[in-house]
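Chain naming follows the written order as A, B and C, and within any one chain the residues start at number 1.
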Amino acid sequence: MDLVTFGVQLLNAIQYGMVLFLVASGLTLVFGILGVINLAHGAFYMLGAYLAYWIAAYTGSFWIAMVAGVVIAFVVGLVLENVFIRRLYGRDHLVQVLLSFGLILVIDEAREILFGKDVHSVAPPAWLSGSIQLTDNLSYPVYRLAICGFCLIVAALIFLVITRTKIGMIVRAGAENREMTRVLGIKFDVVNRYVFAVGIALAALGGIVIAPISTVFPGMGDGMLILSFVVVVLGGIGSVAGAAVGALLIGLTDTFGKVFFPSVSSILIYVLMAAVLLWRPNGILGRREV
Amino acid sequence: MADAVSRVALRASGLHKRFGGLKAVSDVSIDVHVGEIHAVIGPNGAGKSTLINLLSGELFANDGAITLEATDITRLPPDRRARHGLGRAYQKTTIFPKFTVHENVRLAAQARSPAPLRMFGSVRSDAAVRDLAAQAIARVGLAAQTQIVASDLSHGEQRQLEIAMVLATDPRIILLDEPLAGMGQVEARGIIGLISSLKAGRAVLLVEHDMDAVFELADRLTVMHDGCVIASGSPQEVRMHPAVRSAYLGDHGDAA
Amino acid sequence: MRGWFIPVVLLVAAIALPFVVPTYYVQFVSKAFIMGILAMALNLAVGHGGMVSLCHAAFFGLAGYVLALLSPGYDPASLLLTLPAAMLAAAAAALIIGALALRTRGVYFIMVTLAFGEMLFFLFHDTGIAGGSDGAYVNAKPEIAIAGHQLLDLASPMAFYFVVLFFLIATVAILTMLVQSPFGHALAAARDNERRARSLGFPIYRIRLIAFVVSGAIAGLAGYFAAAQFGFVAPQMLGWHLSATVLVMVLIGGLCSVTGPLIGALVLIVLEEVLKASTDYWKLIEGLIIIVIVLALPGGVRQLWPMIFGERSEERPVRQAAPSIVEGRNG
């Protein structure tokens, strides 16, 4: 493999990892702060992609699709948290797993009713649809680079909000000691609602962003869900930096795996997870001591 | 009563434990003899909890060694230490809340029976285990509550239950982590009497804040401060020790 | 003696069933029994062990695939050879997955089992083993034969039914024995308070791993017969949606008993049949029903018993089912 091809694959790996990180951070947010394991997280990724397709087809603009998609996902998140998700707080994991599984069935069927079960493709926005010339005969799609940049910006934004703003402080305090923050009079119900909405908006955003370079199909949510879980397991308990490392590792494993071992590439990720579990059961950046 | 040379049941030498940059336990050595109650005292943050966790195996020491009778248990996990004869009661009562008093103690007795993980035959058939459990329950005074579900017991009764469980494993050494915490005067009297009776034939290490109880119960005392041992000896010696007076006992009059 | 009455009645009904109802229902009940075995197997891990596993379909499907792979062309395979092989394969998979997954706690355990289950799915979906995404056929039902003499031909639905019923009863017997044994009590103790169980001297990791492997092996038993009955295996048999569906059966039936999940399996299978026949959008209704049941009956359908039959004095009113490996935010 020559250097340029390697470079292209590396960029692909990073881009894939970034989208994965975006979706996985939504998952970690919901789990870390609300204590809820939400199997339907992947379903929102899928919904985001279908929304992007449908709105882009209807309005002709990808940008409108992106903004509208995120807003819709956010609002749905607010409503869903109020009606359903908050019944999961404090329940044991089995209950949360089953309730979110039931939610997946509902969302899947809803998607089929609204958008059908066809496979679609979405065109990227015009000014991003070209390619950058890397060498005489190799070019790289601008859109993929844009994804990397975009995900970095979103990640940085989240980081800033969580660490530098008052709302971020409240969220972190709630994750550490819920009772105490409640005693201090902070309205947790509202905070939880926004955290959940942001969490699934991130998943939907991932789906929207990936739509132009991947096919939009009914089963895409499942794959992303499990990969997000693997990211969280790899990266370590409660570590956002770990999730970034995990996402990148998966991106690299999957991309280069497809190049060198195409028939077993889908299994390599799990082999990687097995290896990490043997070596560091708490994740790569998780706590050492059991 | 006491042998000329009392057997050492548990010996820890040169224990160190760091958490990141924080030294929780520094070069701590301690031994506990059969037939004695050896109390460990010290202000909050002195490292007592860390020490007891190091001894029971829930934390591993960065340095140092721990032997239980003749066996080196430094690298053994908690369940293997238990099988070698180490028993522990926790500061926060750690029992099986959904099981009855009988089942709680029966499980403890089962753990030390010859076939603790036998996969056939009902537990009811093992009379030896059942009898051991009944004895331990009677010993702590809970015979009347045998069929009560553990979570329905009072706080003091749950403490008694935990001690019964530890007794049912027939340990060589018992680690008691603040057994009197959260108890009223009357309940505490009962537990103090029970603790005192535990030392017959075995070694007891007691971590406790209640100074009256400590001086009543302890045969020997070790004082910790900032992760180090600052004094060790008989209660009288320790009481007079200047370092101890300034670091800890001097404030005792104001402490709860 | 009242406790014996209902099981005996049910057993008699089960034995009489194939003689009084049409073949379609015999096959339907066989399928329900098979799923019941799977659900009871899962409950050993989930209800008794406190391990919420999302990969049991992988053990189920793997055993089915082993039958397909070991079935010679168009001749029937020997049950006496292929069934142990299938269960062994499932047990081996459970050993490897369990050994790795049990290094984690709480939610992480669930995620890891989910991931490894998916790995097995991809193994059969993406590679050429047994037809890839197209699946493979089991062309002839296995037979029970010794030295060339056929004792039982499972192609007959009635024979198949009784063989499955036999294994159902055997499963109930084995699981009941396990649960009442010292091992079973130690497993329950580890679920109820892991720290205390460990400090009493119980080897927690080993206990859980054994339970997980036994659970996986019995799931394999179910998968073998599922493949034999359906005559076809596909990667979906290993999919996590099936794992989750079986978890629903376990919850509906109640986690605290051995036979509860059998009832849960029956309820869910009947429900699915009814829904599929009524509407194209049955998944939506099923999803909503699952949500309602889980929210309303955390203790399973058995919570309804006292309301229907009147409360029995020796039973505690509602058994709170709260199994999960002890929370470890920090491990």
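By our rule, a residue touches a chain if its C-beta (ideal position, glycine included) is under 8 Å from a C-beta of that chain, and two chains touch if they have at least 3 such contacts.
Note that the structure is a prediction, hence the values are computed from the model and not measured.
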Chain nearest the global centroid, as defined over all protein CA atoms shown: C
Two chains joined by the most C-beta pairs in contact, as defined above: A-C
Centroid-based (C-alpha) most distant chain relative to chain A: B
Between chain A and chain B, centroid-to-centroid distance (C-alpha), Å: 48
Distance between the centres, which are taken as Cα means, of chain C and chain A, whole angstrom: 32
Rounded Å distance between chain B and chain C, as computed from the means of their C-alpha atoms: 43
Junction residues of chain A - those touching two or more other chains: 289
Interface residues, chain C side, partner chain B - complex: 177-178, 180-186, 188-189, 192-193, 195-204, 206-207, 210
Partner chain C, residues of chain B touching it in the complex: 56, 77-80, 82-83, 87-88, 90, 94-99, 103, 106-108, 110-113, 115-123, 126, 165, 169
Residues of chain C defined as touching chain A within the complex: 46, 52, 54, 100-101, 103-104, 106-108, 110-112, 114-116, 118-119, 122-123, 126-127, 240, 244, 247-248, 251, 255, 281, 283-284, 286-291, 294-295, 298, 321-324, 329-331
Sites on chain A touched by chain C in the complex: 31, 37, 39, 84, 87, 91-95, 97-99, 101-106, 108-110, 112-113, 222, 226, 229-230, 232-233, 237-238, 263-264, 266-267, 270-271, 273-274, 277-278, 281-282, 286-287, 289-290
